[in-house]
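Next, two complexes with chain A in common: one pairs it with chain B, the other with chain C.
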Partner chain A sequence: MEYTRKLVDKLSVEQLKVELLNTAYGNDRTFLAKLDPRTLFIWYSFFGIVPWFIHNEKVLAGMFLFMAAATFTARVSPVIIFILCLGLLGQGGYLFIAALFFGGDWAVMYPLLVLTLKLSVISLASIAAFCSMDPEKLSNGLLKIGVPGQAAFSIAYGYRMLPTLIEEYQHVFQSFRLRGKAPEKHGFLYWRTIAYFIKLAVLSFYPLLLSMAKRARTTVEALETKGSLNGFNDPAVKKLKLSGLKMGRADYGFLLFSAVYAAALFILF
Partner chain B sequence: MAKLSERYKLTQSQKMMVFILSMSLYGLSNMITELIPEVYIGPIEFSVEYFAFIPLTLCILFHPLYAAIGASVGEIIFGELMLGQFGGFGELEKFIAFSLAMYVAGTFVRDPKNKIQVGIAAMLGVIIHQFISMTVDVLKVWVGVEELEVVPGLAESVVIIEGFYFLNDIFFSGILFALLPTVYLVPRLYGKIEPLLGMKPRERTDRYSLKEVIGPRLVAGGLVLASLAFMFEFLSETDFNPVDWEADLGGGLETTLIWVSIGMAFLIAVSVIAVMVKRRRDNMPPGPGGVAS
Partner chain C sequence: MTAQIEVRDVTFRYPGGDRAVLDKASLTVEKGEFVAILGGNGSGKSTLCKLLNGLIPHYYTGDFEGEVIVENMRTLDCKVAELSGIVGYVYQDFENQIVSPRVLDDACFAPLHQGMTDYLERGHEALRSVGLDHRQDDFIWQLSGGQKHLLALAGILSLNPDIIIIDEPVAQLDPKHAREIYDILRSLNEQGKTIIVIEHHTEFVAEYAQQVVLMDDGKVLFKKPVKEALNEVELLLERQIFPPQVTQAASLAGVDGPLPITPDEAAKHFSGGVRPLPSETGPARTGGGEELVVYRDTGFSVNTITREKRRILDDLNLTIRDGDHIALVGNNGAGKTSFMKLMTGLVKPDLGEVMVCGERTADRPPEYFAEKVAYIHQNPEQMFIDDSVEKDVGFFMKARKTPDLEVRVEELLRQFRLEELRERDSRLLSGGQQRRVSLAIGVGMIPEILVLDEPTANLDIATRKQITRLLDELKHQLKAVVIATHDMQLACEFANRIIVMNEGRIIHDGDRDSVFGNARLLEKAGLIPPQVFAFSQSIGWEPPAYTVDEFVRRFAGKEAEHGVYA
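Entry: the complex of A and B
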């Protein structure tokens, strides 16, 4: 009970906003955060795909160590890692129970653990790479590798708008609660209360849909006035915007080190 | 009557508006569903998978293509990137599956005031999406675990589990969070929300065609991806992995390895808890700041 209360404390709306902004902007001084986004994309495209096709558990373990070190230096928020572990253990556990049920034995455990190891390498790689980039860097990097300007814009827009949206949603939700009547009895396993809250959560989107529609219109009108809709995919604008991106010595060094490390794993095992 | 068969066209700015609207709202809903805890009763999981009614409503009311893509982008940005759970290439599959499902659901509805049509479309969207993700999940385990045939029961159990999740999602999430809210919202918003974006409501005669989405580029890309996946799979079956661990590992070593893996998971768990405890302690004296060091 104590534990759940602590968890609920952590999940307050304010805390959530702080945590989000922290994830987005909090760690720009780590080593990975100083690298060029393209370096991280290349790095990730190796460690995000290759583990799928490796079945040698020693190589996977070596990669896992590397990923763990990278994630550690990237100073990823512990909440994120906690969620990741829960997800991995949960999935593996379910598969294991079901496999036992269908006539497997303890030998099932081993391949499942290898699979979990593999999945954790991949997830850690993505966490290390993408948590190290602040939104601006990420959208610039995406623009550079040819993703349409609209998508790059939406990332920046999303980060800007989210705190406002969360607040507005909370206001609508609370005003529904204020005017509505909560069920008097909790019912079996609190189902009445749960159903009531879920219904409110869904209903709160009705006013939000309308107000967000107005806001979308204002945004697009503002974009039009600034000529952004044309500028998104204009080569000259792009060039000017992305002139700050440079591959430095650290980038090449990091890529070289990763390549040597991966090659060493394959040769040794 | 030539005017009636004209397709529903939007200007560049209107497309962008629909995109932004759909992205922000579905992104927000994704954040909320991440926070709602899951309830397990035995092996049955009652979780709010997603608030599918938002993209469904928007796809039915506006141009389905932009609403669908906007929703998928919103999910990736708000639900994954901002929470630090971006899955990289795995997101590609989600993106395609979800956009496709929502788009089909949106094109299915001719008359947004017809509740039966809206209801069928909502369920259709959820079923398509869940079916694609189920198939992908099963394939992931089948590709990821090479010794699938060696382990009795694993292949079947994956299919059973994923199939079970599929039905669970359709009957629980699908009805509660797609069917009912969509049928409630669409007729209410129809004619009200469109003027806010400066466009006229969709009419019964508007038509979309699948050709807009399934162009030659998409088909070609899909073929290339599929053949690449097949090639990698083939490689991994033959030469990629010359060491056959089944043959040269005795029982003793195998158990040690299991313990190593368990130890690793345990180590991660312990270190995470330790860091969390430490951070809590660090945060205590200065008050609520959250930014340690």
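Entry: the complex of A and C
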């Protein structure tokens, strides 16, 4: 009981907000974070897609080592890694049990491990690439490769609103708690309490939508007066905005190293 | 020379609105003026200002008649973006005006998106002029409310507009920060910029503005120099606008000729070598009542974005007893809100303990303490969780299956004069109405203690008086009331106990005499006493008067006494 309460305290909404923002903006000093977004796009488009078509487990294992190293240098938040492991183990474990249940034997273990390895390579590549770009950088990178200005802006803006959204949600949720009534008995396996919280979590979205809609009105007006609605797709503005993006020595070096590493894997195995 | 701004006979109706928000409004403003717009809620002040940057009629396409000329351009003929280089607008909900996550990026946003190559210098310059240059690399969620307001101002200054409009700059700020922003506005004005503020606080108007525009029901009633305007005491009071306290006092005391509008001017009328009558006592404290809330060595901290713990409250020891009507004062960020939330059980202390009605808050869920302590948010909207006033007020009782639910809700609606609004969605009401709903929700929880965060912020003075009256009535229904407030008039008139907080600690626990009589305390906590108090102190009254009424009574008594001896 005491233990559960401690865990619940750690998983507070406040903590969630801190983790999210840290993931988005926290690591701007790592090697990967200093690279040009285009480098990361190219890198990701290889390591995020190619593993799907590879069945050689040695090559996959080699890639896995590289991705693990990249993720390590990107200093990804432990929460994300935890969620990833949970997902991979859950998925693999469930398939394994299902296979056993329907008459398979221990032999299914091996293909499942290969699948899990494949998924890990791809997931780690995504995490390493996207955790290394803060939303501004991602937005600028997308703008550079030709995504329309509005779409690129909405990514950066979405993240700017994230803490506000979470706070607002928390307020609504707290209001429900302060005025509602928690079940007096927890019920079998806490089901009453769990059902109560799930109900609140869902109900809280409705007031949240309304209040965010009200805020958005001011924002859109402000964007209008800041001239951004024209500016988003004006080539001159785009040039000004992206003048800071340059492929440097580190970028080419990183891409070259990745290419050599991948080639070596294919040649050796 | 032609005027910089000319509004000619403008009538405007919002799309779908059933009434003209502006009704043949006309106004001229010369370059370099500092103009304050006064008017009750709903008189059309914000709408008038949105005419000037072209949001009306370009963005809000309602029924528009008449014309608006800004720097020789008809707003009808040019784009909003063009006008934004000339007119900058800081919204009342300025937080939503900030669009980038980093401070410098937001300051640069407008010039960048208008394709100006020197956008970075402009951003730097704008941040410098509001004194935020040391925070340029920070995230906006690391800023305080006051700093966000300054950033919103910087965001428009980066375009170097000639005209700056600010909608209620001090509504959410403590008096010290309020003064800071007005000083910045004054220095911008001295650089030749036209400043237009929408403001309820006439004491700021008297001190900073040169011209006053009075609006009522969509019309501009007058535009006059500030001294003349604030002398129209009757005209203003009829519209529920209250002139500065010294002006009110002078008017009630029957001063001849033009009324003073600042303490300096008033000194001439009221000084003299006469001894004032004995002072009147403030709300009395019964003392010795039952212990309701006890803080014992309480500390509280939150996780910051950099994963460090930041201490919000430290070493609190305090007992709240039956019969306490507490005002919790101190500048923004002193820890008032966290202090109050600890009582609700929503957050738990990480050092020491908080006891509510004999039970540790750490041992039970907030739903349990909700029956003892009702917390009313600073922003009433955060309390609205149902889709009509009636349902919101009854939510708590319904969850607890109170038998005479309908009768109780009916009573509450009557007490807070919400009968006609019962079907409406609370979020769509005006500020004052929302505040009344939030009070009704709080009282509907039948608590022993009512805790209110800034109950009079963002309200015009008339609504503020209304809320103050309601709060006074509530004293009899509840065992204790705690109010966190920047409104020193409210603190003086309402509280029998004033607690001063500063940087997470309680630095004083006393009453209005011990707080306002202590100049060093006021300085340290950034508190500014009510104008009439400071004024009567400056002309040598000992003890000074706390309210205009007290001042006038004592002054009148003094005259009579003087008369006898003369």
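We take it that the second predicted complex is superposed on the first by the 261 of 269 C-alpha atoms of A that agree within 3 Å, B and C clash if a C-alpha of one lies under 4 Å from a C-alpha of the other, contacts with A are read in each partner's own complex, and residues count from 1 in each chain.
Just so it is clear, a contact is a pair of C-beta atoms (placed from the backbone, for glycine too) under 8 Å apart; a residue touches a chain by one contact, two chains touch by 3 or more.
Since this is a predicted model, take the numbers as computed values, not measurements.
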Return first, second, both or neither, reflecting whether A:L210 touches chain B, chain C, both chains, or no partner chain. both
Who wins on chain A residues touched, chain B or chain C? B
Once the shared chain is lined up, is A:L89 touching chain B (first), chain C (second), both, or neither of them? first
Pick one for A:I122: touches chain B only (first), chain C only (second), both, or neither. first
Once the structures are superposed on A, label A:I145 by its partner contacts, choosing first (chain B), second (chain C), both or neither. neither
Scan A:A69 for contacts with chain B and chain C and give back first, second, both or neither. neither
For A:Y157, decide between first (touching chain B), second (touching chain C), both and neither. both
Could you look at A:T219 and tell me whether it touches chain B, chain C, both or neither (first, second, both, neither)? both
Where does A:V172 make contact in the superposed view: on chain B (first), on chain C (second), on both, or on neither? second
Just to be sure I read the superposition right, which of the two partners does A:V18 touch: chain B = first, chain C = second, or both, or neither? both
Where on chain A do the contacts with chain B and the contacts with chain C coincide? 14-15, 18, 22, 26, 157, 159, 210, 214-216, 219, 221, 223-224, 229
Quick check: in the complex, which residue numbers of chain A touch chain C? 9, 14-15, 18, 21-22, 25-26, 135-136, 156-157, 159-160, 163-164, 168, 171-172, 174-182, 203-204, 207, 210-211, 214-216, 218-219, 221-232, 234, 236-237, 240-241
Could you please specify the touching residues of chain B with respect to chain A in the complex? 12-13, 16-21, 23-25, 27-29, 31-32, 35-36, 39, 43, 48, 51, 53-54, 57, 73-74, 77-78, 81-90, 141, 143-148, 150-154, 156-158, 160-161, 176-177, 181, 185, 188-189, 192-193, 196-198, 232-233, 235-236, 240-241, 243, 245, 254, 257-258, 260-262, 264-265, 268-269, 272, 275-276, 279, 288, 290-291
Would you tell me which residues of chain A are touching chain B in their complex? 11, 14-16, 18-20, 22-24, 26, 44-45, 48-49, 52-57, 61, 64, 68, 76-85, 88-89, 94-95, 97-105, 107-119, 122-123, 125-127, 129-131, 138, 150-151, 154-155, 157-159, 161-162, 165-166, 169, 194, 198, 201-202, 205-206, 208-210, 212-217, 219-221, 223-224, 229, 269
Quick one: in the complex, what on chain C touches chain A? 53, 55, 59, 79-81, 83-84, 88-89, 91, 93, 95-102, 105, 109-110, 112-115, 117, 119, 139-141, 155-156, 302-305, 307, 344, 346, 348, 365-368, 370, 374-375, 377, 381-385, 395-396, 399-400, 425, 427, 441, 445
